[in-house]
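Some structures to go through are shown next.
In the two assemblies presented below, chain A is common to both, partnered first by chain B and then by chain C.
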Partner chain A sequence: MYAVKSVAGAMGLGLIGFYLGLGIVAVLRWLFGYPDPWGGEINIIGGWVLGVFLWLMGIGMWGMWGREWFGLKTYQRNLPGWQRYFTFNTDHKVIGIQYLVTFMVVFFLAGALAMLMRAELAQSGNQFLSNSQYNGTMGLHGILMVAVAVAAVIGGIGNYAVPLMIGAQDMAFPRLNALTFWLVPPVAVGLLATPFLGGIEHGWTAYPPLSVFTNSSQVLFSLSIITFGLTSILGALNFIVTIIYMRAPGLTWGRLPIFVWSMFATSWIALLYTQGFAAALLLILLDRLGFSFFEASTGGDPLLYQHVFWFYSHPAVYIMVLPGFGLALEIIAHFSRKPLFAYKYAVAAFLGILGLSGVVWAHHMFTSGMPNYLHGPFLVATELISIPTGLIFLSALGTIWLGRLWLKPPMLFALAVIFNFACGGVTGIFLADVPTDIHLQDTYFVVAHFHYTIVGGEIFALFAAIYYYFPKMTGRMYSERLAKLHFWWMFIGFNATFFLMHLPGIKGMNRRIADFQSELDPLNLTISLAAFLLGASFLVFIWNMVYSWVRGPVAEANPWQVRTLEWQTTSPPPHENFPAPPVVRGGPYDYGVPGSIHATFPSAPSAGFAGAPAGGGQ
Partner chain B sequence: MALATAHHEAAHAPAHNHLAINRAGLWLFFFSETILFGLLLSARFYLEGIHREELNQALGLLITVILLLSSVTAYTAETAIEHDNKKVASWYLFFTIVLGLIFAGGVAYEWSIAHFHRSESFGSIFFTMTGIHATHVITGVFMLILVWAQALRGRYSSKNPWAVSAVVMYWHFVDVVWVFYYPALYLTK
Partner chain C sequence: MHGKHLISVALLWAGLTAVGELLVFADLFPTVGSHEAEDFDSIFRFLLILGIPVFTFVIAVVTYAALTWRIRGEAPDGDGPPIRGHGWIPRIWLAITAGLAIFVMIHPGLTGLAKLQSSATAYGWGKEEADLEINVTAFMWQWTFDYPDGTQVSVSKGGEVVIPVDKYVKFNVNSIDVVHSLWIPAFRMKIDAVPGRTTFMTVHPTRLGDYREDQSYRVQCAELCGLDHGKMWLPVRVVTESEFEAWLASLKPQGN
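Coming up: the complex of A and B.
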């Protein structure tokens, strides 16, 4: 069992590195004449850096990469079966599944925390969580879900599907790709360890001054998120280079599947803005070590944090939702059996959101006390975003119009994305307008709004993609009946929970607080029951996935009779992805267009599935 | 098996593309880093306007000149490799390492004589900006040492110049950052 030994060894090395780092910082402090070599948080920073580095080296980066820095020969271990998933494997399909499974586990953990919060909020007053325990639960739920939203679709579906869709053998930088995944376990450990140091009291936004004065779990939070930001940046870099340089011959920009376009725009946003979150948390760490960026009494300014933080964290919502839109359009086109309507406008929409994403951040700060003259420009810029978003809706609705809808589970989820995001978009207008935002700021209306956009827009798209790609990834088929049951259960549970959540928000119930006025008791009890309904729907999903992966019937290569390249190879695809290099001859969505061909495999030996023109439209 | 090899060649990007791919990746990394440095630069003006505390101007000018010079030696090393002039390349990589270390030492000395403290807002800004930049310089020195050790063994040539040009591009990038940081920290008011 090489994989078990390798993971255990890497964990051991990581721990040794952590304690070594603690010690090195202590020795340095002693050398520089500090009275206390044990500085506490600064030692943890040193330990984290060295621990993560040695963990990476131990898991396989040394053999495949590090040795090269010293002019030594590198080597790679290609393990069979499940052991692949526990080693430093550079195959994008392995990494995609690693990401997907990891973040589904994180998703269910964070979902369980949400259940805990709703149980506490079922009644006014404190039931079984103290105020600080509630804050810790809420903070952990928030940051874990943000991590899921940022990484599950991009890291999981993106890694798996993009190289296949563009006819490449792998990503442009396969080792970098493996590195980005293996940075995730330390992040997960760091975040899950926060409750033991007192819990994240400041929510996922980590506003100072609270985040500067709170318990030491903040240090683990900052270090984890800075590391996670590195993952995000390096992954984005990899996607951009892959999409520019690794496309199959004939796959011009105008023929690119729309999901690839959405990943391209998303990757630029992640590449350019993620530094903002890292920088903001770095400054928090420094302030905790005696600097004064945010301490008003010595010339600092807490608003600086909000500007730097939202400079990333608003574009981050597009990092979350753009791949969701891309997946929804992709699936809607295939399951409507029609060419994607207004393809060029949809591409323009993705690029338009990329362009606007960086100039709207301060709409999160209307009540923060920033100068009033900033309100107007940020209001207008924010509402401008609805134009490219509207183009995406135009494309989706135009494709559905007069299409022959094939209501398979992926399609149901993709249609739900359109419905849910429309609700989220409409409530967004109230939050972008200054007068209404001043009333609604920091209430459950905001909670309902962003759950409609991120869960309704992205997580539904994630499930659409899982049901779409499950046969490709595992080579097995799931139970369609259970999948549809999951869909309706989740859709109803989700809409019940979050539609009702607008109401206490309008009445002024503040978010992030464990208690509320007792007049809102019946409403909150209903919301909690609906939330438990939503939570229970995932049990169906888990059962369906686990059982089908082990026992499901063998899937065809192309169960949805789709034209894009990832379906023109076996399920699951071989290590090199395609039996022969594909050559692209036409657009991916030309269903029903006479004589249209998406791709051929000219050098394939037989006239089997690979040599035939890919995907004739029915 | 024949099929597998044929595919192997085609699907891996053609050889001439490898350099382009590596370069593109490095440039994207620079774009991302630019945002980090840019945010800190904005924070400097957001918090302090153009106010600054007294600094050792002679030292500042000296380390700036040294860093700019190190870009020239780095460039010379890169050109030498492209002309297969391995001995010159090793020497100029060595000069770059020395100049980089002198720069880092200069920053450390500046920190030790600074009359402001990190708990004042200008101190926060000054130590953070120079600190993040110096971290990049030190990282660059580490990478230069690794490349230098390989260059001494003759591993790089005009056919295999990537590691040298990558580290030199990185070095230029760090240098350009200082071109913006130096006036923002030393020359305002």
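Coming up: the complex of A and C.
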């Protein structure tokens, strides 16, 4: 088994690199006369850098890049079957599935942590978790879910679908693409190792000075997130270049599927802002080594961190939610059998949000003690965002109007995105308004709001996309009845949990606490029960996916009768995606337009290609 | 062909809105303990009144469409009409949503902010001369409240923060270690305690209150500050001025 050997070998190399890095730093510290050469956090940093590097070399960077540096020929092994998912594979479809499966596993792990938190919060007082365990659980749930929200749709669905949708054979930089995925395992290991160093004590936001004082798990947290940021930036660059240069002939900007537009806008946000988080955490690491960026007593300023951090982390919510909007609109158009309503306005909405995303960050800091003159401008900029967001709703509602709504599982989830985000958007106004935000800041109202936007907006879209692309990815069909059961179960569980969660927030329950005031006991018990209901719904999903992937009936090339390019090839598509390069002749959503054609495959052999007829849909 | 559907959706929207607006009358808020709390509650209610129709509009269209235009057979029997959404509909939509956004931005957004920052019961700048200034020091994981004549009211369990009713009380907030946040739910006011700078907020309590009867009368830390963040709170009691003087006097022998 080459794949097993390859992964095990790379893990071994990574481990050797880690200890080698520890040792090199220790030797240097010994040479410079430090009393305790092994004991510093800087040893962990050295170990991390060398460990991640050797892991990457072992998993495939040596074969694909390293040999070039010494004038040798590079090589790539294309393994059959499941083994390709465990090797350094440059096929965007393989990478997409690698991302998707990895982050679904992380999603369920982090979801289990949420169940643990809700068990603790079912009653006031501490029952299951000590304060320190609760903080660690909460911090890990937060940062893992942030990672899922950033990477599952972009890395999974984006990687899989974007090259297919634009008629390309692969991404612009396939090797770089594989590299971004193989940076993820060290990130996961680093984050999951934090409980062994005391647990994340500072939540996912890592505000100093707490994150400077806290235990050494902070170092693993920072290193993991900086590495993850690299993944995000390189991936974004790859998407931007791919979308600009790899579109099939005739696929003009005005004919681009809306999901590709959303990925384009998202990638710019990721490319422009991700370094904010990485820089902030790098400064935290330096502070822990004795610098003083954030320590007030030695001339630093804790608020500096919050500005740099939110400068990324607010745009990050658009990195999470824009591809979700894109997917929802995409699926709604196909399953309403109508052209996407007000296409140009939807594109303008994505670009408008891209433009505004960088100037709203300080609405997270209305109570932070920042200068008062900043309140007004950030209130104004934040509320302006509701205008482009409103255009997304225009497009969605206009598309379903008078449509032929085919309520298959992907469509149900896509409609739920619109439903949920309407609630998340309205509650956002309360938090953008300074006078109401001062009370609501850092309460469960905020928790409810961002779960409505990110879970309701993005994770529902992720499930829509999984049910949409499952036949394309695996070549098999899932059980529609179980999928619909999952939908209703999750939809009801989700809304029950998070709608109720607004109430303790208004009443005065702050977030990130293991214990709360006893007057809120009945409410919290109800929320916990609803949360367990939500959690249980995913068991249906897991069973349906695993069983169908192995045993499901063989899927058609185009089971949804969709016009876009990814459905005009076999399920699953061949390595080079299409039998012949497609030429685009018209828009992707021209349902109901007589004689319209999206694309043809001019040089395709007329026989021997099992895909749907060129033009599709009609 | 739109007419019948438009009327049906409008009726559905009106019905849902009527039900939704009942939320405005629900018992949502903690006790109204100060002027600031009155302002918060009225702005919150105002936004709720405006926000519910927006939410129910989306729900009405999605629900109506899913029930009316769904395909009942196994596969689509044809395509919908190719409406592209050019022309006046998107422009009207843009005008209405932009108008709503700008309206909410100005009122209650900027007007509320102006009141918050300029009036006597202010957030940030504060009244020039408050009736009572309390210096608050936050630390992991408790508070110290220093009253003007040097009384240290602290900290451990059993202590309580006592303030007089109908006075402008200004909290000057400091932290000696990490970022904390001073929050009193009954007053709806919150300000972070940041090491290296003094932040402040002013409240004007309008009624008597006591944590023992009402749990929204408490000082709660609202910014994650490590291990015992969840336990970092103190009871608050709002008393009459004479009671306050007596309480302050009673502390002096032990306090100093």
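FYI, the second predicted complex is superposed on the first by the 603 of 618 C-alpha atoms of A that agree within 3 Å, B and C clash if a C-alpha of one lies under 4 Å from a C-alpha of the other, contacts with A are read in each partner's own complex, and residues count from 1 in each chain.
The rule we apply is simple: contacts are C-beta pairs under 8 Å (C-beta built on N, C-alpha and C of every residue); 3 or more make two chains touch, one makes a residue touch a chain.
Just so you know, these numbers come straight off a predicted model, no measurement behind them.
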| item | value |
| --- | --- |
| A:402 touches, of chain B and chain C: first, second, both or neither? | second |
| Partner chain(s) touched by A:82 [first = chain B, second = chain C, both, neither] | neither |
| Partner chain in contact with A:196 - chain B first, chain C second, else both or neither | neither |
| Chain A: partner with more touched residues, chain B or chain C | C |
| First (chain B), second (chain C), both or neither touched by A:442 | second |
| Touched partner set for A:32, first chain B, second chain C, both or neither | neither |
| Contacts of A:245 with chain B and chain C, given as first, second, both or neither | first |
| Contacts of A:394 with chain B and chain C, given as first, second, both or neither | second |
| First, second, both or neither for A:304, with chain B first and chain C second | first |
| Chain B versus chain C as contact partner of A:128, first or second or both or neither | neither |
| Footprint overlap on chain A, where chain B in one structure and chain C in the other make contact | 295, 300-301 |
| Chain A residues within the chain B interface of the complex | 69-71, 168-170, 172-173, 176, 233, 236-238, 240-241, 244-246, 271-276, 278-279, 283, 286-287, 290-293, 295, 298-301, 304, 307-308, 311, 576-581, 603, 605 |
| Parts of chain A lying in touch with chain C, wherever the complex brings them together | 131-132, 134-135, 201-203, 205, 207-210, 213-214, 295-297, 300-303, 336-339, 341-343, 345, 367-369, 372, 375-376, 379-380, 383-384, 386-387, 390-391, 393-395, 397-398, 400-407, 415, 418-419, 422-423, 425-427, 429-430, 432-436, 438-439, 441-443, 503, 506-508, 510-519, 561, 590-593 |
| Of all residues in chain C, those that touch chain A in their complex | 1-2, 5, 28-30, 39-40, 43-44, 47, 51-52, 54-55, 58-59, 61-62, 65-66, 69-71, 75-86, 89-90, 93-94, 97-98, 100-102, 104-105, 108-110, 112-113, 115-117, 123-125, 177-179, 181, 183, 185-186, 188-192, 194-197, 199, 215-216, 218, 220-231 |
| Parts of chain B lying in touch with chain A, wherever the complex brings them together | 3-4, 6-8, 10-13, 17, 20-21, 24-25, 28-29, 31-33, 35-36, 39-40, 43, 46-48, 118-125, 127-128, 146, 149-150, 153, 155 |
